[in-house]
Amino acid sequence: IKFLPLFDRVLVERLMAETVTKGGIMLPEKSQGKVLQATVVAVGPGAVNQVRNVTPVSVKVGEKVLLPEYGGTKVTLEDKEYFLFRDGDILGKYVE
Amino acid sequence: IKFLPLFDRVLVERLMAETVTKGGIMLPEKSQGKVLQATVVAVGPGAVNQVRNVTPVSVKVGEKVLLPEYGGTKVTLEDKEYFLFRDGDILGKYVE
Amino acid sequence: IKFLPLFDRVLVERLMAETVTKGGIMLPEKSQGKVLQATVVAVGPGAVNQVRNVTPVSVKVGEKVLLPEYGGTKVTLEDKEYFLFRDGDILGKYVE
Amino acid sequence: IKFLPLFDRVLVERLMAETVTKGGIMLPEKSQGKVLQATVVAVGPGAVNQVRNVTPVSVKVGEKVLLPEYGGTKVTLEDKEYFLFRDGDILGKYVE
Amino acid sequence: IKFLPLFDRVLVERLMAETVTKGGIMLPEKSQGKVLQATVVAVGPGAVNQVRNVTPVSVKVGEKVLLPEYGGTKVTLEDKEYFLFRDGDILGKYVE
Amino acid sequence: IKFLPLFDRVLVERLMAETVTKGGIMLPEKSQGKVLQATVVAVGPGAVNQVRNVTPVSVKVGEKVLLPEYGGTKVTLEDKEYFLFRDGDILGKYVE
Amino acid sequence: IKFLPLFDRVLVERLMAETVTKGGIMLPEKSQGKVLQATVVAVGPGAVNQVRNVTPVSVKVGEKVLLPEYGGTKVTLEDKEYFLFRDGDILGKYVE
């Protein structure tokens, strides 16, 4: 994506909500839970501290992360919906 | 567990609430006290300070800790319920 | 432009709102979305920190940036409308 | 006690409220003043500052301290009631 | 002027509001826009930081600056009206 | 007194309120002004800063100080009433 | 005066309000403007910063200063009314 988040911002794409139950029944939109899992799409260079050191963000492009339930900024890039979170607000990442 | 908390977050699993009295009587759910004891399941690498040093968290995986009554973030991982707490919000740990 | 923002302020000019649909139909003003894309017109020297170092701003004149939905200060210079944002409030920049 | 407070927390046990007047009359519970004197039972290792130094707490196990009227967290350990206070919230200690 | 602002305060004199339209019509007072342009009349030595360094203010006497719409302290010196602003609250300056 | 305030706390004893006018008339309690003068009875070792230095308090035992009108914590020691103030909240001291 | 303000506090005496107009007419008390000019009577040693350096106050005894409209603490010393201001709250000083 041709977008560079600034400072410690992380651009993520939420995973798709499940729209069909395991039994194959279509779920109405409001029954679809809020998806808190997302994939990192782009990361900022990191926050600048008081002594001008840059602290790199703690996640990498491609990693799967767990988002907090609230917060984040919705941004539309090339007609697709993404979210920006501060590195420090991302709860954790899924590891192998 | 295949999940790594970020920064100074600590993933814990609460101990089971007691559902039966010592005398063997079944307790209705609302009589079961909120369980404040938990086991540490995963820990973040630690918070990053102004001079870019990482302060490791003060608890280790497997330790039994005392949680504050309020706070923490419920997360569901592999269909099981866990809680994320900031290292600094955990009240203390049980030692031998 | 003959204006120098102070500290970490960034002067931007918002892109024009689309006033005509792709099909050629004129859009009434309230149907025109708020434009969050802008071009950097002038930048301040950067914020001064506690040890008197200046942290340069993270965007350059001519770069295209993504603004937050709220915030910023409208300023009129030579009868034209611009906006001042703090460097840290700009969400990201578009890159090639 | 098999409990280690974290950071600058101090575990104290409040002295017993006086339940009988000097003249020997039983005091009803609500006439018994709030007891602000307590004995230190366990102390945390101390708070960690920005440069990762640990500042030891200023009281020791066994010392008799004066608690503030409000604040503190009630914790139950081995069926006994204790209180956790931040080191900095304890008003002072009784010395010989 | 025989007045020295303290710390990072800047004393400014607002430009006169336009009281006549270009066509020569007298403007009633409430139609006269708030004037945000001002000339720097006196500057403080600068704020003192934690390590006792003084950070000089970023504007000089005689410079023309852009004020924020709100804030500032009105002061009367020798029967003339001036305004004190913190250096950091001044939006920018006009340059040749 | 057998009490050591912690950190930058200062234990003071307020001077007696005047209960009789200069003319010898007894003043009812509510006509007796709040006494803001006090004598320092005990002082803490001082506050601990971020780099673990202790900053000694600025008053000494026996000095007569001016208290702020509000604030302070009433404490009872050996059946006598004292007040604890933070060193930084004491307005000044009376000198010869 | 036999009083030493603590830290960065400055003791000032407000100039007298004008009680008579230039034409010689007595002004009722509520028509007398609040006097913002004052003379410095005593100064504290200065605030102590995080690294234990003392920052001397920026005004000297005898200097004439401009006070902010709000704030300050009224104190009565030897039956005379004075005001205590933090050094940083004094707007500026009158110079020759």
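Each chain carries a letter (A, B, C, D, E, F and G) given by its place in the written order, and its residues are counted from 1.
The rule is short, and it goes like this: a contact is a pair of C-beta atoms (placed from the backbone, for glycine too) under 8 Å apart; a residue touches a chain by one contact, two chains touch by 3 or more.
Chain by chain, the UniProt names read as follows: A, B, C, D, E, F, G = 10 kDa heat shock protein, mitochondrial.
All of these numbers come straight from a predicted model, not from anything done at the bench.
Colleague: Could you grab the centroid distance between subunit A and subunit C? Build each centroid from C-alpha atoms only and quote it in angstrom.
Modeller: 24
Colleague: With centres defined as the mean C-alpha position, give me the subunit B-subunit E separation in Å.
Modeller: 54
Colleague: Averaging only over C-alpha atoms, locate the centres of subunit A and subunit E and give their separation in whole Å.
Modeller: So the centroids are 44 Å from each other.
Colleague: Going by the contact rule already set, what residues in subunit C reach two or more other chains?
Modeller: 50-51
Colleague: Name the shape of the chain contact graph, picking from line, ring, star, complete and other.
Modeller: ring
Colleague: If you go round the ring from subunit B to subunit D and onward, which chains do you meet, in order?
Modeller: B, D, F, G, E, C, A
Colleague: Could you please specify the touching residues of subunit A with respect to subunit C in the complex?
Modeller: Where subunit A meets subunit C, its residues are 2-7, 9, 11, 42, 44-45, 48, 50-52, 73, 75, 84.
Colleague: Tell me, which parts of subunit D touch subunit F in their complex?
Modeller: Contacts found on subunit D: 36, 49-51, 53, 55, 58-59, 66, 68-69, 87-88, 90-96.
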